[in-house]
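Alright, structures below, take your time with them.
Paired with subunit B in one complex and with subunit C in the other, subunit A is shared by the two complexes that follow.
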Partner chain A sequence: MAQRPTDNIGKYLHNFPGGLKLRHHKALSCCKPLPARYLPLSTEYCIPVSQHLGQPAEVVVSVGQQVKKGQALSTPGKTGNAPGAFVHAPTSGEITAIEKRPVPHPSGLNSLCIVLQPDGKDRWVELEPVDDYRKLDCDELIQRVQAAGIVGLGGAVFPTDIKLQGTSCLINTLILNGVECEPYISCDETLMKQAPGKIIEGALILCHVFKIEKVIIAIEDPMDVCNLELEQSISEFNAGDCVEVIRVPMLYPEGGERQLIQVLSGHEVPAGQLPISLGILVQNVATVAAIRDAVIDGIPLIERLVTVTGAGIREPQNVHARIGTPIADLVDFCGGYTAGIARLVMGGPLMGLGLRNDQLPIIKASNCVLALTHADITSTQPEMPCINCGNCVSVCPAGLLPQTLQTVIRAENFEALESLNLDACIECGCCDYVCPSHIPLVDYFRYGKGEQRAQAKEKQESDIARLRFERREQRLEKQQAERLARHQRRKRALAGSSSKKDSVAAAIARAKARKQVLAANQPDTNSETGKGENS
Partner chain B sequence: MTAAVIILTLLALIFGLALGYAAIRFRIEGNPVADEIEAILPQTQCAQCGYPGCRPYAEAIAAEEAEINRCPPGGEAGIKQLAELLGKDIIPLDADVGIEKALPEVAIIHEDVCIGCTKCIQACPVDAILGAAKQMHTVIATECTGCELCIPPCPVDCIDMIPTKIDITNWHWGKPIPITTISEIADTRGEEVA
Partner chain C sequence: MNFSRGFNNMGSPHLPPENTVGKIMLQVLLALLPGIAAMTWFFGAGILIQIALSVLFAVSLEWAMLKLHGKPVRLFLSDYSAVITAILFALCIPPLAPWWISLIGMIAAIVVAKHLYGGLGQNVFNPAMVAYVVVLIAFPLELTRWLPPRGLAEAELLPGLLQSLQTIFSGHLPVNLSWDAITQATPLDLLKDGVEQNRMISEIRRAPVFGNYGGRGWEWIANFYALGGIWLIWRRVISWHIPVAIIASVIILTLPAWLYDPSSNPIPLEHIFSGALVLGAFFIATDPVTGCASRRGKLIFGLGVALLTLTIRLWGGYPDGVAFAVLLMNMFAPLIDRYTRPRAYGKPR
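Up next is the complex of A and B:
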């Protein structure tokens, strides 16, 4: 039997190219206190409709409507096949506005949000728990995951139901990604310590439905306590024969899907393909726990663990925050800011998103709120010319050539990017970090990717326009021909009925012609009479 | 001498037959150069170039009857691509034909003013206007190429061009603006340089 790429997965650890060893800064926030505390109700929740990758959702509530906790506020848009996800009410209360508000997005643009004023009662909508998940089939599971609005909680926020749909039964290995490689963030570690059972049960559900043979929970080397908790939970569920915890060495960005697969299996996911091509499904541990809640208890994704950390926060910790909570409320809950705060970031220090203020809401993608002080950040440096030192090449985890890419993008030669595989860039920021010339490489790559996408869209649109133009031309030609034919028909008909004289003349002409034919066919003896008649 | 003549004649005959056969067997329908040019043109079908559509303009370029700088919607990028394809020099856009727009535009019909005359429907090169006689018309925004051909025929002047809105679904990162001098850094931080 041919060997599958997943046969020896996890047996030996492998390397991925590049990567950085970074200081972790996780002790700041991790597991103080355990279990993480729940944030009290805020005075207002602002829930952005587009929190996921893909199509904006369709709002299904109206201003003034009373909603219950867990009630769907918007459903995936019906237009096209683009992915979409449900968004739910984080608590019970009244919808006070549906309007464009600032959201955590790099564009800084406002986006449609549903504003909810809590009534303080926190009443749940009627949930539909499942007694035995073993009775569920593939479609039912995907339907439940979709109805719960679950998206990838590792940061990519791709709708999970769509990822699972593409999976069907082609996979044999599930990798649970508990490798939180970016410094400061510790929400997944906290989850693994406080609720390992949820993760294991979620994994077993996916195993059952997708007939997965093996589950690997990947954690980082220093996460000893996690390891113990997970092992204990595995034995509680009697899942020791299919679930395995593997510790991988600390190296940024090992938590990237493709990098983790490479470390565990030694195989690289081919460019432009998904891990399914190797028979692997990768899910973040928090996503799997959310799947468990959605399937067994019927609870939609309305809250998540958020790490509030950094030297700019008085009491860094992990908290359970509802989606839509203003970031300021989280900061207040954690004792407020310290004196030297310089920058507020959503996400980690390398891939995070700088925020303008703390009035923005927590969204499904918010794994961390990081407040950095002046001591943490270097001042903005002027960009110097590239000296071709090659540092960026040696740290790139995707094996790309950042310096070449940067030159090509700067020259706006976007057609050349395809052959340089810009798509494979995961925007981890390693190249930025090591660049001695302070070139904002990732910014260039994002620009290049945006332009590539925009051009592809333009091409698609122009193809449609060409098709429509050609169809129209054909139609007009056809119409013209039909009109002409109709016209001629009518003309002939008119000519036919215009005067009797003409028709009589025509009849005479026809008779004459017939006679001539007859005469020509007559034998010679009759020729004279024929002549006589004609003359 | 005779042998040489015979051999050469035979060779000429063989090659002649081979070429003649190839000309029939591998005949290409249409004009491949015009096809390639057309693929670069933006397909707005706006006729600003003076030809009735993108295809006729592409054919005119292929026949070297038209310059490559007569397409405002394609703009500078389009001229660059055409120049590369045809091995010509990059020339600026012909100012007589129009100017390149910063953002793509789509037409919008003010529906309360529309009298339902169907004139714009007849003018639209891509069938992006929906309506019937004495019924209100509307533009299918996703199909509109922004060619502006519907504006002149409108007797009540109820069609406007609006630039497409940038929101978080179609926004993308712009080109990084490099900070190059110390004073510029100070500017971005709002500090004074001593």
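Up next is the complex of A and C:
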């Protein structure tokens, strides 16, 4: 049998190119206290209907309606290219508004939100626990995961059910990603310490349903304490023969799905493909714990662990926060801001999203609320010209040439971006961080990607326009041919006598017309673009 | 305290880089100090005067050019790149060269090689080496007046600080000295002439300017440059690729000839420890702006510098070829970078 890429996975660790050793800053918030505390009820929750922007979602409640905790508020909708997920009521209460509000999203645009005023009773809807997950099959599990609104909790918020759907039975290795490589964030580590059993059980469920042979829990080297807890829990579940904890060296951005796969297996996920092509499924540890809650207890995803940290926060810690809680409430719970606060970030310092204010809600993607001070963010030097030092090249985990990309984007030469593989950039910020000229490289790359997308769209639109034009031409031609044929017929009828010559001419004309009609009906085979009908 | 007021929500990353161009250049300056000290010890205060002069000219010219182009003067002066250019140039010219040599050199470096090409980051050629080559070609006589290193009998005649100043500014030696009495061919000069006259290496090396493995004094200066260079590598200011590629290539390229006939080919160490090779390997060829950015590119760049240096040393018209080699490779750097692009993640090998 041919060697599978996953056969030796985890046996030895491999390297990925580049990467950064960063100061961790995790002790600030990690496990203070353990277990993490729950946030008290807020006065209002604002739940964005979609975690992505722009895809249609169907709101299934109306203003004034009383809802219970865990009740579905919106469904993903039936159409649309961007995948969506269910959202649920974080507590019981009344829907007071369904309107567009500011949400934490890079576009800065407002998005449809469901506003909920709690009644303070926190009453659950009727939950549907499963007594034995071994009776579930693939479809039932996926359906449960979907109904619970579970998305990737590492920050990517890709709907988990869709990720699982593509999986079917091609997977032999499950990697649980517990590598929180970004500084400051410690919610996954806290979860692994306070509820390792949930993670292991969740992994066992996936193993059972998808016939996965091997589970690797990847954690960062310094997390040795949670190693103990995980091992203990593995032996409690008697899962020692298929679940293994592997510590990977601390190097940013090792927690990236593709980088982690490279470190564990030595293989790269081919460009344009998913990890499934290697037989690997990667899930964040928190996602797996949420799957466990959804399957065994029937609890939908209405809260998550959030790290509230940074020098701008008085008492950094991890908290259990419900989706939709205003960020300001988390900050207040953690003692408020310190005097030097200058920037508020959702996520880590390297890939997080800068927020305009703290009235935005916690969403499923919010793993961290980071408050940075002036001292943290103030640059010691303005932007200078690139000195071609190559630092950016040597740290780039995607093997790109950031300095060349930057020049090309500056020159607005967007066509060259494809051959420079800008699409492989994961926006990890490594290059930016080591640039002695303080060039905002990632900003350039985001801009370049935007332009690339815009150009692709433009091209698509012009293709469609051309296709339309060609169709119209063909239609006109066809009409003309029909007219001609009619004309011939009439002429023949008028002539009365059917001389042989006439009938031959008519036959030729008929054949010609038929051919033209045929050609007109098959625009794809002879249209210059070669594009299919669906473009 | 409630922060509903706006934050500055710039894009990620939210940590500014730790390093700055100025910090990098400052460390390069520091790393040069041991070599400068050694140089001064062996060749006298003239070295320091040349450095002071070149730095003065370079900074004034840089200031003028920045003003002219309307660029922020303080920001760009504090990147120290002009200072480094000046020092590298000053270390290459003879200690008692007249003052206008460094003026002309710095005009070539700062005005022509740097600012006419667009300023920091835009120049194609290493400014210090452009300057050196310009004065070397234009004033060959002044550029060959090297002094005897300390430790030789003639070195007793070396002028002191005041006399050096006088010589540099007037162009004439004090009355009791003559150029013939004190100038001294460098070991590379002797080696080149000797080999051309078919003399044995051991015979050539009997001249007092030779030391244990390189030139007398030169070998120690090279050691101190290497010390600074290794410190730079350790501090990750420069990567190891270029210096290692140059030195390793020189050894590999000269070893077979030496093994084949040690009597007429110098030992590889001789090549490394004479002339500007170590200085070049750690401080000149590693100039980021005019070099290669990718690791493989750097290795090839280093190999090229070594190859060209040796070619010029053995068959060219000049005893040392580091400057020419670096300038030639500067031309190839963009090409090398083009062909040594790293493979992007997930793309086919």
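Operating definition for what follows: the second predicted complex is superposed on the first by the 446 of 535 C-alpha atoms of A that agree within 3 Å, B and C clash if a C-alpha of one lies under 4 Å from a C-alpha of the other, contacts with A are read in each partner's own complex, and residues count from 1 in each chain.
Simple rule for what comes next: contacts are C-beta pairs under 8 Å (C-beta built on N, C-alpha and C of every residue); 3 or more make two chains touch, one makes a residue touch a chain.
This is a predicted model, so every value here is computed, not measured.
Applying the stated contact rule after C-alpha superposition, one finds that A:Thr380 touches each of subunit B and subunit C.
Once chain A of one complex is fitted onto chain A of the other, the partner contacts of A:Gly390 are limited to subunit C, with no touch recorded for subunit B. Once the two complexes are overlaid on the shared chain, A:Ala342 sits against subunit C while remaining clear of subunit B.
In the superposed model, A:Tyr38 lies in contact with neither subunit B nor subunit C. Applying the stated contact rule after C-alpha superposition, one finds that A:Asp443 touches each of subunit B and subunit C. In the superposition on chain A, contact of A:Ala271 is made with subunit C only, not with subunit B. Looking at the shared chain after the overlay, A:Leu355 reaches subunit C, while subunit B stays out of its contact range. In the superposition on chain A, A:Ala465 makes contact with subunit B only, not with subunit C. Residues 106, 379-382, 440, 443, 446 of subunit A lie in contact with subunit B in one complex and with subunit C in the other.
Within the complex, the subunit C residues that touch subunit A are 1-24, 72, 75-76, 79, 119-122, 239, 288-295, 298, 337, 341-348.
On subunit A, the positions that touch subunit B within their shared complex are 50, 55-56, 103, 105-107, 109, 111, 379-383, 440, 443-444, 446-447, 449-451, 453-454, 458, 461-466, 468-469, 471-473. Chain contact summary for the complex, subunit A toward subunit C: residues 17, 106, 108, 258, 262, 268-273, 328, 331-332, 336-337, 341-345, 347, 349-359, 370, 372, 376-382, 384-391, 393-394, 396-401, 403-404, 421, 424, 427, 429, 432-438, 440, 442-443, 446. Within the complex formed with subunit A, the subunit B residues making contact are 38, 41-45, 53-55, 125-128, 143, 145, 166-169, 171-176, 178-182, 184-185, 188-189.
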